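I have a structure I would like to understand better, so I am pasting it below and will then ask my questions one at a time.
Each chain gets a letter, A, B, C and D, in the order it is written, and its residues are counted from 1.
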Amino acid sequence: MVCVVEIYERPKLNNPVLVEGLPGIGFVANIVTLHLINELKATRFAEIRSSSFQDLAVTTETGGTRSPINELYYCKSNAGGRDLILWYGNTQALTTFGQYELCGRVLDIVQELGCQHVITLGGFKQDEVPPTPQVYATASDAETLNEALGLGAKIMVGNVFGVAGLTVGLARLRNLKAFSLLVDTLGTYPDANGARHVLSKLVRFLNLNVDLSRLDAAADETKNILQSFGIIRGIAEEKKKEEQPFRWFI
Amino acid sequence: MVCVVEIYERPKLNNPVLVEGLPGIGFVANIVTLHLINELKATRFAEIRSSSFQDLAVTTETGGTRSPINELYYCKSNAGGRDLILWYGNTQALTTFGQYELCGRVLDIVQELGCQHVITLGGFKQDEVPPTPQVYATASDAETLNEALGLGAKIMVGNVFGVAGLTVGLARLRNLKAFSLLVDTLGTYPDANGARHVLSKLVRFLNLNVDLSRLDAAADETKNILQSFGIIRGIAEEKKKEEQPFRWFI
Amino acid sequence: MVCVVEIYERPKLNNPVLVEGLPGIGFVANIVTLHLINELKATRFAEIRSSSFQDLAVTTETGGTRSPINELYYCKSNAGGRDLILWYGNTQALTTFGQYELCGRVLDIVQELGCQHVITLGGFKQDEVPPTPQVYATASDAETLNEALGLGAKIMVGNVFGVAGLTVGLARLRNLKAFSLLVDTLGTYPDANGARHVLSKLVRFLNLNVDLSRLDAAADETKNILQSFGIIRGIAEEKKKEEQPFRWFI
Amino acid sequence: MVCVVEIYERPKLNNPVLVEGLPGIGFVANIVTLHLINELKATRFAEIRSSSFQDLAVTTETGGTRSPINELYYCKSNAGGRDLILWYGNTQALTTFGQYELCGRVLDIVQELGCQHVITLGGFKQDEVPPTPQVYATASDAETLNEALGLGAKIMVGNVFGVAGLTVGLARLRNLKAFSLLVDTLGTYPDANGARHVLSKLVRFLNLNVDLSRLDAAADETKNILQSFGIIRGIAEEKKKEEQPFRWFI
């Protein structure tokens, strides 16, 4: 199957911007996007599954199941401005092949909906982080970079791993505008503070009016989801896992 | 080749239920399904091979060979009730890609035969297990969950790894009803006691009349098969294997 | 590309038998087949390359290059009896996917040429080996097994790894007759003595008249080829390799 | 996607020679090719991306992004002699499958442009290297080897890993002439001295007039690019990486 996309609705969108928010360093993108989905009451219009995701199901508190998935949401601007597409999920792909496939599919879908601007989010792992972490930017082109720098970001120096980096690279190839906003983070837990600083720049860029008071709740929800998928693990669990050659039978 | 399916017969089945029984945690599903095949004299109607299975042959006591394989059996209800499809095998796939492919193929086949209800079985690994282990359930939807809970299962909290979890997730995507029954198990050997407790709930749900007295024999057979495939290994063997970079030539 | 097959000639063969001889445990099959190619002056008629082989070239003593390859040779019986197809190479595939693909392709080719009988060869790794090592057999069916046992082989108990095992399993699926002859071997170096014992049974089965005096030379040649591909490695080299994350650049 | 090729221009070339220059042992090929591109003011005419490359973006000093990529350049001979195709990039593929695919695609492209001669470059890792390192050669055929030996190279004895070796093997399969020039190198850093010795032989073979004074600058640029991609890493970084099971989220 590799990637299977199910599209529930093809919304008519006005010059939409894609915001990527998959789990990554510090889970910054994941928290920010979940918060936007909640606050803006975004509508889910597509689901993506991939055979490069984990092969498991996670239970919910009510006995239901959750699978590894990526989702696309949209929300229309109140003010007649640019609309938003939010790329949310509980996993990235496990292989580079799966990552390229996943990013390519998402870009196919959003380009069909008229999207020409992509923003990816992430954390920039540091050993120490000041109370007010710095936000960094890298972009597909000089003009787009200037837009990002105008928000108070510094120029990013380093690698942007995974979907956040790959999507900017692939977007540039397709002549889309793209930038990535990355924030100082310790990186080892869902970083609500880092998310807040990225989000404040993002809402300014997008002219969004979003209440930040419930951001900590989004960070907690993110933590719960990712713990249930075993993506955040204690050291003891990590150790145990290494002892299991075929994790599905012991 | 990835998955190659050979279908010997397309049985006409009455509202069939698929029961998944591949080797997994505590080999619970594998024992239960083997026992059902034996007791109900189920008929094999399909064979599945995959290039994501191991590349080896295992010898039988009489000099024959056994290959990594999955099989589908059916058995018709005596009482004119629901028929049964049993998914049995000596392996799961070795990669997540192979797992998605395998589950997708099996669901394709059983849906063609009119199946709309899937049950997966498994163990829930614990460090200690009481003499009467608890059975847990997770399901595709609230109604199906209630059916499982009505059998005395508790709500499952945790991950359902491998085919048992993946199949419930993929079934839900296809609008099939699905639940998973998981039993407390130490997980490191074929657990006949755990299998007995899962089986007792399963036969109640399916209105089957199955003698449990030969279940230990099914556990022993399961142990023999899986040992021959090297899926159950002693520590010394495990160690030896790690020293072999190309296992096929030393 | 996965597998690319180049067929130079489609020989007309009389009820041919395929003999598999890729590098494996003790390199027994590889030595035997190379010796047969040399002694019977077999004709190469097909070459197989796979993207699951290693990505390197090996130099020859005269400055030429050797690539990872599998080859098919044929040789016609002098006595009007069964003809022979020899499957030789300097590697097996590196992944199970590649192994299934490789075996499937070879069986496709030989079946087209009328082959209905497959013999695979190998070593059975032991910690100690007597001067006259035992030969073991496993087969696709009882009748074929009896033919192998009639040569003085015992029933094999254990796993037949890699192409030797996989090919018997896949052959059985295609309703071909197949058996595997495996000989006690220490397994860590090209085992000329083990090869001699397998070969003596094989030539009896095939009614071949083959001089065994140059078998040691075939073992030496096998050793040279496999050392040049790094398949036989000293411990120091093995260690060094583990330190190289990307072997192609350090 | 596997490999995606974008061809900007299909230049008309006179009996062109392909020179491979991807990062490899000692980064010799990479330095040489970059230097040729700079000095000969070669024109980029094709870009190749692969899902077997890393999934990340690397930032430039000005806030732009660099992706894992391979590129083809051409440059026409001033003297009406043979034209040149340069294969440059910041990575090889991460899997053997990806390597075969990549080499196959590049050979497809250059053969379409009339190329029948391929030269690959590389380092030959040694524990000690004299001030004047030896250059070695291996070739597709005796005649081509003699051309390489005529430049003062010795016959190469050993493996040619990765694209440098694979390309010679695949070229031979396509009846192209191919040789590989390999130079003694410690292999652990971009080796400007090794590059100089390879380059001096290459320019002689190609009748090129190339200033070598800026070669050290090319080595430095190569080092910067590869460090930014994390291909050259300090031990501390290497250690850190091993602790990250999913590098994209911690």
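Just so we're on the same page, contacts are C-beta pairs under 8 Å (C-beta built on N, C-alpha and C of every residue); 3 or more make two chains touch, one makes a residue touch a chain.
For clarity, every value in this text was computed on a predicted model and none was experimentally measured.
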item: Chain copies touching (chain C, chain D) - same or different residues, decided at half shared; value: different
item: Relative orientation of copies chain B and chain C, as a Cα rotation angle in degrees, nearest 5; value: 90
item: From chain B, the most remote chain by mean C-alpha position; value: D
item: Centroid spacing, where centroids are CA-atom means, of chain C and chain D in whole angstrom; value: 35
item: Chain centre separation (chain A, chain C; CA means) in Å; value: 50
item: Whole-Å gap separating chain B and chain D, where each centre is the average of the chain's CA atoms; value: 50
item: Two or more partner chains touched - positions in chain D; value: none
item: Category of the chain touch graph - line, ring, star, complete, other; value: ring
item: Touch relationships between chains, expressed as pairs; value: A-B, A-D, B-C, C-D
item: Contacting residues of chain A [partner chain D, same complex]; value: 23-25, 27, 92, 96-97, 99-101, 104, 125, 137-142, 145, 148-149, 155-166, 168-170, 172-173, 180, 187-188, 231, 238
item: Residues of chain B defined as touching chain C within the complex; value: 1-2, 6, 49, 51-59, 61-68, 94, 228-230, 245-250
